[in-house]
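Notes follow the structure.
Naming follows writing order (A, B, C and D), and every chain is counted from residue 1.
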Amino acid sequence: MNKVVANAEEAVKDIMDGAVLMLGGFGLCGIPENSIAALVRKGVKNLTCISNNAGVDDFGIGLMLKQKQVKKMISSYVGENAEFERQLLSGELEVELIPQGTLATRCLAAGYGMPAVFTPAGAGTEVAAGKETRNFNGKDYLLESAFEADFAIVKAWKGDTLGNLIYRETARNFNPLMAMAGKTTIAEVEKLVEPGELDPNIIHTPGIYVHRIFEGINYEKRIEQRTVRKYK
Amino acid sequence: MNKVVANAEEAVKDIMDGAVLMLGGFGLCGIPENSIAALVRKGVKNLTCISNNAGVDDFGIGLMLKQKQVKKMISSYVGENAEFERQLLSGELEVELIPQGTLATRCLAAGYGMPAVFTPAGAGTEVAAGKETRNFNGKDYLLESAFEADFAIVKAWKGDTLGNLIYRETARNFNPLMAMAGKTTIAEVEKLVEPGELDPNIIHTPGIYVHRIFEGINYEKRIEQRTVRKYK
Amino acid sequence: MALSKEQIAQRIAKELRDGYYVNLGIGIPTLVANYIPEGINVVLQSENGLLGMGPFPPEGEEDPDLINAGKQTITTVPGSAFFDSAMSFGMIRAGKVDLTVLGAMEVSENGDIANWKIPGKMVKGMGGAMDLVASANNIIVAMMHTNPKGESKLLPQCSLPLTGVKCVKKIVSDLAVLDVTPRGFKLLERAPGVSVEEIKNKTLGKMIVEGDVPEMEV
Amino acid sequence: MALSKEQIAQRIAKELRDGYYVNLGIGIPTLVANYIPEGINVVLQSENGLLGMGPFPPEGEEDPDLINAGKQTITTVPGSAFFDSAMSFGMIRAGKVDLTVLGAMEVSENGDIANWKIPGKMVKGMGGAMDLVASANNIIVAMMHTNPKGESKLLPQCSLPLTGVKCVKKIVSDLAVLDVTPRGFKLLERAPGVSVEEIKNKTLGKMIVEGDVPEMEV
């Protein structure tokens, strides 16, 4: 059992043109920086990316957009990216917008072996078009299918060589959900440790869900909206 | 905002005859000992208890069975209790047996606001009787409804006064799921601390799900099957 | 005089009750956190995975791993908890959040809300708004009563694509406080110095006025 | 000679591959953990919420918070992880467990399994068995080939209430190793000294024998 790979290049080496990827993160928080950089260098194309956001022009998934590697984005909010907007308006890029909770729950469904789940989000709106609507206890719900993704690429704070992962603060977000949902799951971590170094009570993603793991380098962790208060 | 109650008596004081209760634990591991003792002293009757098991003759839910407080058990496995068997065979006690994963997932559904979930467990068996069976991708699933429970009673290792909970080892089991699923959730903990003493990264049950909390006393933590190895 | 955005937030803050778990949307709703009344403890939920959100950090103490749903750097308060997005929307869907405050472009007299999409304009996405409005038991909308052209945003029916149906319970605008009732918008309070007449003129949806309508205290 | 329970476990252990996540049921399956081949690392899952189950504890070191799905006191190995029952059955349903080994009262030639209920007897419940059999991609049944009366437990159809349908992939009994194929039970190996004839006589369901059937190595 060897899940440890040397670096991001090795982790993504079998991701081919046309693959469906899940990428963890919320905005630029908790994104798999090293793996995205490796995908950009690899130049793989026609990707479908399931990720809550699409990065900014010069960071995150925005880097892949700039290289025109992305065919389709499945996201809940994509606003912070001029190149994204240009490709969308020109028809080069396809976008499917879905509610954020639906995105999370469709990942959970995949990770928990549920083929589809009911959520009220979007019932009675254009999001419901073409979907089954069903009433339970007087309330309408949409039937939403579990995601299928060839690869899930996530970023954790600490991980061990068996693939157990711990996330930090709000950098958790979609990462543990996507980690459970990929056919193959790649985890990059800030600190890779030996089995036994992480307290088994506080593992967020058990190693069974993780197929490849490596310690990333040079994390930039860019802040998207730097807000501070004036007093201490 | 005051969720802290003095003791088990106060925590269960408004649980009335006929209530539907969820009780955490797997076997005798992680059961809410103090609350069960208080329910026995209170003598409340006609209870419906959702719990993976039904305790043993002189511990856990078995204590409530002995006092004939339970009208119906919803469980996955109930084998370890002679009084249970007697009441069942005499028709005093009603039992609904459901697959363990279905039990867990119906709690999750309640805690996550999903009215019903699909699971393959029991498809094609007598468990499927009267339930909707639906085929997704060539496989049959049963539609199982979210549980509705008046009270969830759980046992955690540590908790803070805001209701944040951390469980220990396999005493976690159904506890965090039931904590999310009760209309009113009562948590008993081995150690009650002030807000800020628990690392927010490792909370298993966020306080939003917990309505009452107290520090239990005299935990017996009985072992059901003591197995040891001969060598050190 | 019409309320400022700060005053709208201040008025909404009076709806807070001790022990509430509250989700505040981007914009005016965020400001509500600045006016939490003395003696009232509320816990702020951020749908990217945090209960117990605190204020912005002091300069130099920004933590890139710690942001709110608006992607702003924030802090935590003692007793906070982090969780993943499925649990976050799980607790929202299960009705555990006591109050949700969000902005709107339009609200209809039956409580429909539109706040995510303008046809012909670049659509950024609904984020968590559709989940919030479909799930919350108690939704207050913070909004301007009219758009920049002076047209009412409280309508018989929304003209924009909906975010959710029959979900808004209360509106606090720069002009008024209104409940959404089965009979339409019910006027509860007026902004100081704003007449019932003016509010009527700027409310295209059905509005109910019963008895004297007091001025807000802000 | 028919295999002992330990030998059945030993034979099943040869099906383990390096890196497998394995769920072992109560009874004979539990014994498989004692025969994991050298150089093969597997992670044992216990459906009450543990990956990385270790052996029983030394006397005096029993921890009441640390049990397996059979409620026995156990230990963990380095790199273990605890989780709740929803995640536990989530990973089972999602097919993340590579191999599931469990006992059975009856198996039918199309892979149906019955192992939870005998009409007329006190029913204790299915526990996690229905979830496991409905979800696992790779199920090996460990069982006696016949019941104490000498009647075959490998049947055309199960006579007992089913635990799951068309799910068993392989059977290791005291007499034989068989695959469940679309054409019925396919005999792969015989217990040492047990004839094909004897196995045929004790297998009521359709059994396929092709070429020479080797003896197991145990």
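Everything that follows uses one rule, which is that a residue touches a chain if its C-beta (ideal position, glycine included) is under 8 Å from a C-beta of that chain, and two chains touch if they have at least 3 such contacts.
Please read these numbers as outputs of a predicted model, since none were measured by experiment.
Using the contact threshold fixed earlier, the set of chains in contact with both chain B and chain D is A. Note on chain placement: the centre of chain A and the centre of chain D lie 36 Å apart, centres being C-alpha means. Mean C-alpha position of chain C lies 56 Å from that of chain D.
With each centre defined as the average position of its C-alpha atoms, the distance from chain A to chain B rounds to 33 Å.
Touching two or more other chains at once are residues 76, 82-83, 86, 89-90, 92-93, 135 of chain D. In chain B, the residues that touch at least two other chains are 105, 112-114, 119-120, 167-169, 200-201.
Counting only pairs that meet the touch rule, the chains in contact are A-B, A-C, A-D, B-C, B-D. Those residues of chain B that touch chain C in the complex are listed here as 1-2, 110-114, 160-162, 164, 180, 194-196, 198, 200-201, 203, 206-209.
Considering their complex, residues 26-30, 52, 75-79, 85, 88-89, 97-105, 107-108, 119-127, 157, 167-177, 204, 221-229, 231-232 of chain B touch chain D.
Within the complex, the chain C residues that touch chain B are 18-19, 21, 41, 43, 45, 51-52, 76-83, 86-87, 89-97, 135.
Looking at the complex, you find that chain A touches chain B at residues 105, 112-120, 136-137, 139, 141, 166-169, 200-202. Taken in their complex, chain C has these residues touching chain A: 46-50, 55-59, 61-68, 70-74, 76, 82-86, 88-90, 92-93, 122-131, 134-135, 161-166.
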